[in-house]
């Protein structure tokens, strides 16, 4: 019991730290691709501290606050559902389906908070973000189905065990893994699928009224988001965590791929994103599914 | 006199009291008390919900040689619980200030209470039916009682109620035909006799029976392609009536399907039957119908600009999950389907009531004419928030649990496309409910709504209780799963082994108690982080980024219309309204034929006609 | 037992005397009719009690059948004779300004109808049928409007043709068998009428008598006549006269023409009637026309029900016929004040809630909403139809079911119109006459009573149906045990 | 008032004296973070904006100093005004400034912001930005090169780190002065949707000159912009 509670506290903390490094990696990769130096090592943390140390901050109401709490808190809770080397948390109590829906809680919280800001730019951003979710979740659930079917379980711990005994999922279902990678781009909300942010058009959409610790909360959320995406993909396809060094390597590599793609693309319009997401990854997913289930 | 007799008698008394006392100002409270009494009797029968013996009614008739009997088993009890609970919530909602305002606006709250009582009575009769004849009698009674509730508002409600009753009669006639066939096959209308011969029926007979009964009952659920009537008919019903109808009325169709298709004929028979030229069995076909019922109405809901319509369309779509779960015929899936009946009733009632609380204060349910009400009606917002989380099937509310069970069973059964279809439905629901809560409660508060107050406690009470149930059964789904398991046993489905927190399985179970506890712990940490740093100041909504523009109260700075513009760019042209078209074609065709038929009476020359008739008659006889 | 002749004789006598005595008696003559009818009712009741349900035959003038004229009195005949009197009493033209001649015609109609119900002889039946026709012509035209005369003319022409056809049929039977006594015919039919000639004769009689019974192709008079005649007359025609014609046809079918072809011919015509009647009613935009078409559809249903072979058919048919006999007159009486197009009736029900409530009650029963009696009638019909192997029966069942949907639609479209909130509607309808509303209320009470007593009523109808289908009983009752033994 | 020393310094309340030795470390950390993470909103009114892209991109790369462009005032720390300020634009600039969360800094780039530059004679141009907003730093030049911009930002960074750059407090504490100048330019009915006095009260930033004759004038015609508090009754 004590171990479990320790894990429950430790897992989000580890996730946050790793997530910060991932954010740093993203910014560094972006900078290097643009032939810049990029931010200093502690920049992600410094940004968060700065945001939280603002002296005059405005709130648009209780729901605005609760939105941020839900966004951060939801991710904190979700991290305990993701098994990492040595720590399973409560991964066996939910499984992949529960996790998928758990990950919607932070988004929903954010959406509520943004809604209360009474800024149409934010609402437009949320409408686009939700549409994007509709776009990438369809191939994503195909992938989830195929993976769960293949491993015969929805329990992430079991999946990891299976892969460590029988080889990585990416070897056995390469096409599904490809489709999964594609959707990862959408899940992480990076270019070319970040029309919902669109800084020059709708002033960063959901973030338009977020300043101070509100924005700081969103920066924390972003760290969690990167971590979650990386760990999830690793758990599904790359054998999960055997030990920390390989695990870290895997998740950083996983996250770096969408980021590298992101900095080479402009963005798609919402409808084009829908078409793209509903076409290629879905086709790949279905083929992969057919191969898995045949 | 058994408890069942007592229950139905009490329901009858409620009807009589409301009929005689509909002018009394306290009739709402009186009816609520009577419903509470019914609920109490139902609790006395609660042994049923935990696997107790069937309770028979002491009333038994024999008409035209057909014995009629009534009884309550676990399934009936489960549905009755939802029915009376929904009626109690609706009635309580209408009892106080809502009823007064309704009366001022020319409505008749007593009639509403009477309709509610009548609906409950008829539903109890239906649920208690112990043979096919009693089932049909109950079915028709329910249909017409709902008709009364739908039509009582007048105006636009009339045409929708007409549409409903036309569909409903069509359904009833299909059931009647099915009953006639059963009678022809077994020589009786008893459940036991049909169950006994179900194994020997030929495939063709099973197909015809399932289609007749299935479509008959499905019409009440609004399953495609019989879905066109429902949303409008429900939306036009006066407030609490909508909540009642939306939460339970259409589920009577599901009860019928459970009794006839699942219990009597048996899903096993449906699985055996292959449909030519496809890979599908009859059961699979029905599952696909259910899946399409999830998707199309959900995405129709997405386009609605009226909160009531939007929710009513979701009601249609959610029925698909129930069917999908039940037709999966597994312990997991069917428990998901059954539990969704309960869950849907709770959150749908909460949602409708909160919408009507807003309508009560603002006078409109138009999603383009509201906004920002969260500061004025925070409790209604809370109720709606709980409701939409439930409706969208996101943890920690109960809607997630039942949907999870359905997903999980589809996963185990290896039905990827149905799985994807059901998830698409959920995604569509999320989009649509966000639009609902955003356009009503979030965004900019309109100047004319700045003085609005929260709904009175008589309306808040049922809403809050309902949302509490939504949360608690999400936190501890085992509470509801006990009843579901008993109901499963009653209709002969495999019974789900469950715990208080959900399902324990080696291949990935679900323990909501843990998940929810951790989730709230996470929120707690988030709140700690948030509130421990930096002071904030609450500002007016006009202090807002608008690219440097000065916002003033007379400028509407709000995004509501055409909410998912990008999505509609992509899928907008997929809305072909084919079913509308089909319906109108059918009506036109009937009109055309009818024109010809009545033309016969306008233009026929009597003498010539007689000559023709004689010649034809003689020719036929030859 | 000879009192039975009085049932026929008394109204006829009164009918012929009334126009003559009218001048002398003055206003008293208005009470003659009801008194006669009441006497009739009492008479029939006592008879029923005495006979204890057992059938008996009566040879008029002492000539024994098959030679003489005979009455056959079983429960079915008594029931219909009773209903004739009761309904005539209920639908009696009580209005003060009624032409005394109408009273005579009413009594004539009653007498003839009772005769038709009781006759055990084809020729007698024909004669009473003619009498009935004449009376109905007079009644239909009694409003003396141009439209009424035009409608009557049409009715007359069709009826005339019908009479000729029926007579031809009767003649055919006579040439084939040499007798017109039903019992005697029943003994001879299996040998001599089970052929094309017999079938032709049946077809001719069916169509001929079917004119009165609103049988499908020969019912073109219906909408106009009902629209132009007074509502009470329409009610009488739709409720009573049509049922008696059906009764005759049923008697013939049971006793003489039990061939499946005959059944199927009737079924086919019935189905066509249901379909065309209900669809036309669906299109009608006028309450009375709607009721007329609905009546055609319902009579079609009666034919469909009766064409189910065996006891089930008689039971179902009887149930449908009795139900319609109660409901349709009530609706016609309600139409007294609710004529004209539907649009003008908006909100009429809010002004007279009792009338509107009664309408809803009857409409619900008509479409067969359980537990109202109409449901049981429909249930019996459907179960009976689906119990048959021939596909035509299944088709008929489908048509009946679909027609019910149309029926619900048009009846409740009208019903809801009644409850619409009117917007400064200029159409102020007069409230229903108290006598009309009273009559309808009584009928409503009867309907509800029937709902509660459906179990004993069902048993009673079962025995009637048993008795009716028992050919041997008929033959032995009329011809005596010797004649009956074949 | 261009000389900072002339600004009366408000004495800190004595009760708030810190006793925790770590508090200073903490303050240091906060100031360090604030200095090393500056998100800027560039209000590009004139030609100076053209010098910002090079400063941001690969040639000079502001990001290595932790400086990033942002798009809404809520997220930004620095308001960069890059060119002449017309009266019409100034209204927007003031609103934007007031919507930024403190600590916030204003940098005027180009000569135009200092004294109107080549628009000195224009009737429609605000000449001295620091009459209307508390400007932290001017980067003069027509236009200043990216090196100069970076240099200016570095100076600001040092100021923040050493705790010297607090003119944003001045805006709250001497709001009456700034408002007076604004009213002089825009007329007596000038107001923004933001509520500076309320904010100053809420965050304890009131100074002796926060309120004065000009704020009274404002309060006379200001429509109340109370926040919509959640209420049950």
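Every chain is named by a letter (A, B, C and D) in the order it is written, and numbering of its residues begins at 1.
Basically, contacts are C-beta pairs under 8 Å (C-beta built on N, C-alpha and C of every residue); 3 or more make two chains touch, one makes a residue touch a chain.
On a predicted model such as this, the values are computed, not experimentally measured, just so you know.
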Checklist line | Chains in simultaneous contact with chain A and chain C | finding: B
Next item on the list: Pick the chain whose C-alpha centre of mass, unweighted, sits closest to the average of all protein C-alpha coordinates shown.
Entry: B
Checklist line | Rounded Å distance, chain B centre to chain C centre (Cα mean) | finding: 45
Notebook entry, point to check: chain A to chain B: how many Å between their CA centres?
Noted result: 35
Next item on the list: Just give me the whole-number Å value for how far the CA centre of chain B lies from that of chain D.
Entry: 57
Check: Once you find the CA centre of chain C and the CA centre of chain D, what distance in Å lies between them?
Finding: 97
Checklist line | For chain D, residues contacting two or more additional chains | finding: 72-74, 99, 199, 203, 227-228, 230
Item checked: Junction residues of chain A, two or more chains touched -> 53-58, 61-62, 203, 208-209, 212
Item checked: Of all residues in chain B, the ones touching two or more other chains -> 372, 374-375, 378, 445, 535, 537-539, 541, 543-545
Item checked: In the complex, chain A residues that touch chain D -> 27, 31, 34-40, 43, 46-47, 49-50, 53-58, 61-62, 199-200, 203-204, 207-212, 214-215
Item checked: In the complex, chain C residues that touch chain B -> 154, 157-158, 161-162, 165, 196, 199-200, 202-204, 206-207, 217-218, 220-223, 261, 265, 275-277, 279-280, 282-284, 293, 315, 364, 367, 369-371, 375-376, 378-380, 382-383, 385-387, 397-398, 401-402, 404-406, 408-409, 412-413, 416, 419-421, 454-455, 458, 462
Notebook entry, point to check: In the complex formed with chain D, which residues of chain B make contact?
Noted result: 372, 374-376, 378-379, 445, 450, 453-454, 535, 537-545, 548-553
Note to self: Residue numbers of chain D touching chain A in their complex, please.
What the structure shows: 29-30, 32-34, 36-37, 57-58, 61, 63-64, 66, 70-75, 77, 99-103, 199, 203, 205, 227-228, 230
Notebook entry, point to check: Which residues of chain D touch chain B in their complex?
Noted result: 72-74, 91-93, 95-96, 99, 192-195, 198-199, 202-203, 223, 225-233
